[in-house]
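In structure tokens below, several structures.
Okay, so chain A shows up in both of these, paired with chain B first and chain C after.
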Partner chain A sequence: MSNNVIKKEWRFNFDFSVASGETYGRFFKGLNDKKIIGNICNNRTFYPPKPFCDKTLKPPDAWLECDGAGIVEAFTICCEKSNGVKFSKTDKKPDVPYVLGVIKIKDSEHCIIHFISGFETKDVSEIADKIEIGMKVKPVWATKREGEILDIEYFEPVI
Partner chain B sequence: MQDISYNKRFEYNWDVPFKVTLGESYFRFLDGLKNKKILGNICPKCNGLHVPARPFCDKCLVEITKWYETSGIVTIESFSVTYVKFLGLPDPPHITGIVRAENAVTSFLHQIGGIPYDEPKELDEKTKIGMKLKPVWAEKRIGDIQDILYFTPVDA
Partner chain C sequence: MKNKVAIVSCGIIKYEGQNELGMWNDEATFKVSKMALDNVGAEKDDLDFVVISTMDGLDGITISNGLLAPAAGAYNKSSVRIETTGVHCIFSAVADILSGNSNLVMVASSDTLEMDFGYVTNFNQDVYFRGPVGFNASQSYGMLAMDYLKKHNIDEKDYARIANKNYLAGAVNPYAHINKKYSTEEIMASPYVNWPLRSLEIGKISNGAVACLIASEEKAKELTDNPVWISGIGLTSSQYLGSWKELSDMKAIKKACKKASDMAGIKDLKKEIDLMEITAPFAPFELIAMESLGFCEEGKAVDMLNNGDTSIGGTLPVNLSGGGLCTNAPNSGGLFRVVQAVKQLNNELDGVNTENMEKALVHDSDMFIGAVGGVSHGVLMLEKGE
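This part shows the complex of A and B:
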């Protein structure tokens, strides 16, 4: 009965377009100038900034700025090319293997997710040996920056 | 006040392809729709009627081979009226229902239509759990779940 086995194919094209608002707008404008913008509320710092503090529920007290150095809180090495996930504004998909990291910038209360690269090898086990939780990383800036998250090409280990 | 001079729009999308191989039971169920038939199958152990037809009974874990043609009449188990447009779904207002065929041990999700209304909000009240529905068939049927356009009240 194998002739009675058929395939179904379909696709979902999800539109995730979004307007930044002031808080994230400041963060992205900062990236254009090779700066990481954050903010602070009652000694708790946020990189990227938050529109309001999750404890006081009020707007944070002041804007902050730093060079983006941070530590790896978690990471995963991706070995499969993605199906539908592409870099913004291009048809380009990340080349495998690539590393996604959860990165805590400076003393931030929360983390960002970005690429970790600069290992000078494509071998998965060699990459696994070179990366560890708690490792210090810093941003590598794109030459051409447009005020978006890929203005940071990736984070690289601080040696 | 927000300083909107910093505001910036980011265009972004995920285009996600889905592919599935049906296997014999689901194929035969979908193929039945071409001929305006809603087919189920019956577990040899518990006699549970499965609609849509399934390869095996998830209670008894035995293969189901006995086929059964239902009347096509289903009962609303649960429903939700949607007032906003969503990707891949009909224009609002539309009703998504969980329906059960005859005394099946399974139920399935489909669209409910043909309930008259003046204001969309009335659909909340006019759609009733337990309501009997019949299929409205597409003119051109290709062996797809959407060969049934929607289910509509039997007495409509």
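This part shows the complex of A and C:
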């Protein structure tokens, strides 16, 4: 590299804000009250709710509610801390290893991505052995809830 | 396609690690664009249209093509910036040529930034559902890798073998960022990043630049004796908030491949395609893509890998460039793969013999910002010809 090349460092620090819209707003407000809100679109069930049916582009038909129990469809065990990413409830980064799972709530036809915890081990292979695809999980609620996805602190296995 | 369109020239520099190039993106883009023009004796005035591939989030500024477009010859010309992949840029170039609007189009892209890619790809997620749980690209790779491992009951060592195959190819590619022949044992000994994926099974971010010139049939014949014809292109995108089946079954790749094959008049991919360049920023995606593209039954790509079919000298070499593990450039990775396929068809790469290879398939995707949901895929068919 030539001696004439210099290096510039910078960082983004902007504030943004965006409305949730009616459909997602109901879901997040429900979390505040430990409720999982969904809806029916074109005879298909969705938790979280969808603002429209992407197959027909028609509006949803009816609202639903459940306790948030579901199954694990996929997961990964995160072994590196995410630099820069902080979590709103604690303003900390989670201790590694931790599990991020793809969770299907009740009979929903789409999924959410959330933490799965409660394995009593930090050994990656042991955690991997403890998680079965199709394993039942339920939400563990945060003590302080503000209408956001982290009102569910994590999902834990249903024993 | 009724009217023919060809790639007539390429410009490329060796890819390096983050911030190792010593160039900002206009300097790097100028270098490769000038190279592409000089190779066929063309001038800036010969260009009708310029297409740039950048993504603001990956360049750390907004309207990040502002610097690049003039460097690719766009001053006072028609130009467009496409924030997805190289194949999408080529689609735009081909469309403009087939509309009769252009005869010669420059497509260029570069990566010159150092960044925390985990953080950036978390920033790329939606702010209500995925962003707050820290989700990023690498974690999405881990989920797909886990899914394939559990569904097909294969060994984690198979993932290391795919990585090894790519590192062996990258080691002899003068343009690849990583030229080190990591052994299967070294790969298995690297730490888990997102189980079941290890550090050496996920591409490290690369910096570099690449350009190519796309021409109408008439212009191609005027400029070169060595055109590589674009015979088919298919583009699709996947569901963002979908079922795991929708997010993981790669239907979008299948559809893109079908569109491209139909356009190219390809009846039997397995018989007709000689080589492939696949966007695989994590090792097992090569298996997932080969199956989704229709080169083998589900769960059987690992047999092709272990038989050596997809290695240098195999019956269907995949990622002779070293793939995403050796060169993982977010903005320019798609064009990099296109140019690698062109060079392979022209038997221009030292270290590999591709003398009798006539047809190539290039798969491109923006999955470097997340591979489960909301992913765009492109499939390009290329044919050597006169």
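Heads up, the rule we're going with is that the second predicted complex is superposed on the first by the 139 of 159 C-alpha atoms of A that agree within 3 Å, B and C clash if a C-alpha of one lies under 4 Å from a C-alpha of the other, contacts with A are read in each partner's own complex, and residues count from 1 in each chain.
As a working rule, a residue touches a chain if its C-beta (ideal position, glycine included) is under 8 Å from a C-beta of that chain, and two chains touch if they have at least 3 such contacts.
Since we're looking at a predicted model, the values are computed, not measured.
Asks: After the superposition on A, what does A:L100 contact: first (chain B), second (chain C), both or neither?
Replies: A:L100 sits against chain C, while chain B stays out of touch.
Asks: Touch check for A:E148: first (chain B), second (chain C), both, or neither?
Replies: Touch partners of A:E148: chain B and chain C.
Asks: Looking at A:V18, would you say it contacts chain B, chain C, both, or neither? Reply first, second, both or neither.
Replies: both
Asks: Could you tell me if A:V140 is touching chain B, chain C, both of them or neither one (first, second, both, neither)?
Replies: In the superposition, A:V140 touches no partner, neither chain B nor chain C.
Asks: Of chain B and chain C, which one touches more of chain A's residues?
Replies: When the residues of chain A touched by each partner are counted, C comes out ahead.
Asks: Using the superposition on chain A described above, determine whether A:A69 touches chain B (first), chain C (second), both, or neither.
Replies: A:A69 sits against neither chain B nor chain C.
Asks: Output check: A:K7 vs chain B and chain C. Expected answer is one of first, second, both, neither. What do you get?
Replies: A:K7 sits against chain B and chain C alike.
Asks: Which partner does A:F28 contact after superposing on A: first (chain B), second (chain C), both, neither?
Replies: A:F28: touches chain B and chain C.
Asks: Which partner does A:I112 reach: the first (chain B), the second (chain C), both, or neither?
Replies: Touch partner of A:I112: chain C, not chain B.
Asks: From the superposed pair, tell me which chain A residues show up as contacts to chain B and also as contacts to chain C.
Replies: On chain A, the residues that contact chain B in one structure and chain C in the other are 1, 5, 7, 10, 12, 16, 18, 20, 28, 83-85, 88, 148.
Asks: Note which residues of chain B are touching chain A in the complex, please.
Replies: Of all residues in chain B, those touching chain A are 2-4, 6-24, 27-28, 30-31, 87-88, 143-144.
Asks: Okay, in this complex, where on chain C does chain A touch?
Replies: Those in contact with chain A are residues 19-20, 22-23, 60, 116, 118-119, 122, 127-130, 132-136, 138-139, 141-147, 150, 191-197, 239, 241-244, 246-248, 372.
Asks: For chain A, which residues are in contact with chain B within the complex?
Replies: 1, 4-22, 25-26, 28-29, 83-86, 88-89, 147-148
Asks: Taking the complex as given, what residues does chain A use to touch chain C?
Replies: 1-2, 5, 7, 10, 12, 16, 18, 20, 24, 28, 48, 50, 54, 73-80, 82-85, 87-88, 93-94, 97, 100, 102, 104, 108-115, 124, 127-128, 133, 148-150
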